[in-house]
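Note that chain A is present in both complexes that follow, paired respectively with chain B and with chain C.
Up next is the complex of A and B:
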């Protein structure tokens, strides 16, 4: 016979499951709606479009470069914030959160203005950025890196400091302790940071629209395609491209997770 | 020889003041005291993982107060072993030699020698996960001894072991001390451990360190 406390526990678990179920249903419902709105033929037709294939190639390439760059920056920044104290640390910490909280359009506009300054013009003199492919990567990086930094900071915060300190007593420099002891433990965190940055970069739209434009066969990425197709009333193509992004994101997520599990992360 | 001279340290609400003691060269000193009195802090001060506010620390008549942990030549065996999770046992034991760019043949010879001495030779290819408490402490001990330190710090190394393993590890520590002649500072709660191992007993009493009742418990 059930005890009153069992019934109360079940009620509580049901309460938790209700919220989880509602949110999961929303996500799955959106995906099913997308999938049933279009047909495989429409999806294939969309993929045959040269413009969409170019946008897909640019999206995947730029997102991968952005993810690698973001992890490259996030590891030292996350480690610095996690393991050291310095004057102005709270300020630096706060500044690093700005790309997360700023409206995407504002980031794009800020980048556009930055490249109108004398500094930006000097850079443009060396490497043309605005309205070109480098601007796509920079716009993605400006946002995605902030998420990677947060992930790496939490990763290093959760790693015990003691093995690193023992390494120092064994004759290691701080750099040796970092490379040989701490960084190998942070592989799972770096993978998560890279995945998060990649997903953010793939979905980035506002900053790219403002800073890079949405010129077909030049700076058009998949989110720009969705917008362009929607604005011309071609809903089928917009949904097909959306599904392509969903499939790509799921494939990358599953592959990377499998890789992480195999390496013990 | 280890000498603490008028060491003071404040960290948050924790204070140490006028900590003075000396451990002769080659002695096996055991430091006892209540929980939270600062025993681990003393080891960390000796290893260079904490800096005192005042006073000096000497090892073999060399002032090491401001030296980095790497420059002190102190082997450290922390309470939980603090093994490196991604390195094999062999890599952990050879760690201190590889960071010193010792030739690989010498590293391998030393790892094999310690593997035999500490009876961990069969574990050299394994990672720390899955090792028993006793095995972890042996690996941590081997890692700390590999570079032939002049001083060995042990922070409650036998605290989490069952009675049989405790007895076995005590014998091993005695044998290691006899073979290496290293000056040891061993922190413990266990009076029997102190009686068995110590040639020199130290006690934390009201924030300062005093020689124990049996200054030469074992000669």
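Up next is the complex of A and C:
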């Protein structure tokens, strides 16, 4: 970043900082309000509760699985959308936006209905899904993957196509060009896509509530815990769990980004 | 040929892919559910209205400690859960915050038995000490009061309040005065507790769960109480275990105290017994009509019902001598009237016409009551003190003015306590005619002929009544409901009984 040499540049940066500052202040303000509303006892009680520890484990594990799966799917989809054209591409593009646009509850309901069809029942015969842990991951994946796809597509869009073309003229196949030239450059994008999917999955609630239920020690994730505590009028516990979730999420996101930066992403 | 650095990066890609695959497998492995929760007997699935979590969870935990049955509880809004259940069709139990949902579940064929747990009344919730001095509806409408309502389309309390205020003509004013409508009653209570509203129309039980809140009762809302209910789902593969948990939860000395402790007004419940043993007195004529229904009820509920079938006069004498049945299914209302102080008012289930049975081909040419007084007949009648049919027969002759003629004829060669005994005598050929119920004759129609009696008094009605003294009034109400269902009716119909229950009972 260059030093602002001019007083007008400084004014401009201050103008930018004003917006940034206001938004950051809003977020920090909410967290401070939360922190003053709850008590150390409520935080401690939340940490000691076996149910909440289970919900935290399930939340973090399922979100990580979802993030990995999302990146695996997002890389080929993003690459196809960015580098190829095919009939119906606009339609496919639109379909991939549906999980982002639809109200989360509708995603859950649609999954629930899908698994009552003969196809769904056949899958249930192999692996029970509805109201079980796989339904949590599937509900998270259905939404989070769409965000990862958007990120990967922008990543490939922004990578210059030239090196890939050069590789092709040098006799590489498309697959070789993808594996050896394009993909190694997309690491930063893949990390961003994974983290976005992870954060999205961690906060996912609507579809899980409908498709997985909020069964204690089984399909309860942290957002369900917050909602359950709110439903029984236990605001202190709801806030305590929210704060723990925020702390854990920030730690993971900041650490992952730092690791990415160190690798040159 | 790739350069050295590119090769390194490619290896990095391969490493990332393999690494993420290993991580994925490892994570999935840690999520393996170690509990076998399939169809084991010691396991139930309950879909529970989220607001009811505190009492239900503590009662379920106690039940697991006592009986080793784990109840897996899934929480959600009553309506949301019902929608999911309609689609998924799995699970054993559904606990709704409001009986309108359990009624709906029953109408839609999702739920079978329904148990009442607690009642709730809409009140005005305010901060402790009532700082705004709210006592009437007009106090809620003042400019200094921020009023919150629950959305009448989403929350049961909103619906109850709208119905009550629409009746009193105040809904428009009240709904316009509200600064906010919230989707659930707990959202509204949380707002009250936070101080973002001054008054909210919520359930009394909701207010009782917050130390910082108190209730103001409005006379306009007094008639709007609703019930918390739990239903056994049609989809349950373990209905007996599910019913046993429902009985536990709805028992006055087991599950209901958990609700009382959390501020609910508990419903009237049975006394808890793991396997209740009920005593049912029934008129002899009902034996074939009800025995299969009672057996099915015993099996489904996991309890035992001892049936004592006998002439109703004998049953009444036994009760007067100290017998104390939990319920009495009487041959005729007149016998229930004799012991009415022991029972709640009866519910008439069926009726039974009286008929004259004659020898095959009716060789004596009997077509009406008076023909029984003709010369040279051997007839059998039921005993006028020991049984309902005997009383009705005596009254029938009296009303027709035939009592003296009958006695003078000397035709009566047999009186018996039960109609079945008379039918058997008839079949052996030792009698020319007997007066019995249509239902008594059903089994013998191949051997004898039947002459209908058309007098209005030639009929008995069968009421089912529950004893004041029983510890299991709710369970017996479910038994009554079982008697009024379609399969039970088919048994009554097949035996020639009339049906006095045009519709299945609404709720127990």
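Note that the second predicted complex is superposed on the first by the 242 of 265 C-alpha atoms of A that agree within 3 Å, B and C clash if a C-alpha of one lies under 4 Å from a C-alpha of the other, contacts with A are read in each partner's own complex, and residues count from 1 in each chain.
Note that contacts are C-beta pairs under 8 Å (C-beta built on N, C-alpha and C of every residue); 3 or more make two chains touch, one makes a residue touch a chain.
Fair warning: this is a prediction, and the values are worked out from it, not measured in the lab.
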Query raised in the report: When the two structures are laid over each other on chain A, which of chain B and chain C touches more residues of chain A?
Result: C
Query raised in the report: First (chain B), second (chain C), both or neither: which does A:213 touch?
Result: second
Query raised in the report: Is A:171 contacted by the first partner chain B, the second partner chain C, both or neither?
Result: first
Query raised in the report: When the two structures are overlaid on chain A, which partner does A:121 contact: first (chain B), second (chain C), both, or neither?
Result: neither
Query raised in the report: Of the partners chain B and chain C, which touch A:39 in the superposed model: first, second, both, neither?
Result: neither
Report task. With the two complexes superposed on chain A, say which partner A:251 touches: chain B (first), chain C (second), both, or neither. Result -> neither
Requested in this report: Identify the partner contact of A:184: answer first if only chain B is touched, second if only chain C is, both if each is, neither if none is.
Outcome: both
Requested in this report: Scan A:232 for contacts with chain B and chain C and give back first, second, both or neither.
Outcome: second
Query raised in the report: Just chain B (first), just chain C (second), both, or neither: which does A:112 touch?
Result: second
Query raised in the report: Now for A:160: first (chain B), second (chain C), both, or neither, which partner does it touch?
Result: first
Query raised in the report: Which chain A residues contact chain B in one complex and chain C in the other?
Result: 180-181, 184
**Report entry** In the complex with chain A, residue positions of chain B that touch it
**Finding:** 47-49, 68-70, 72, 74-76, 78, 80, 82-87, 95-96, 99-100, 143-144, 146-147
**Report entry** Of chain A, residues touching chain B in the complex
**Finding:** 160, 162-163, 165-173, 176, 180-181, 184-185
Query raised in the report: Where on chain A is chain C touching in the complex?
Result: 57-58, 61-62, 64-65, 68-69, 71-72, 109, 112-113, 115-116, 130-133, 179-181, 183-184, 187, 190, 209-210, 213-216, 218-219, 224, 227-228, 230-233, 235
Report summary line: So, in the complex, the side of chain C touching chain A is made of residues 2, 6, 9-10, 12-13, 16, 20, 23-24, 27-28, 30-31, 33, 37, 47, 50-51, 53-54, 57, 72-76, 80, 83-84, 87-90, 184, 186-187, 189-190, 193-194, 206, 209-210
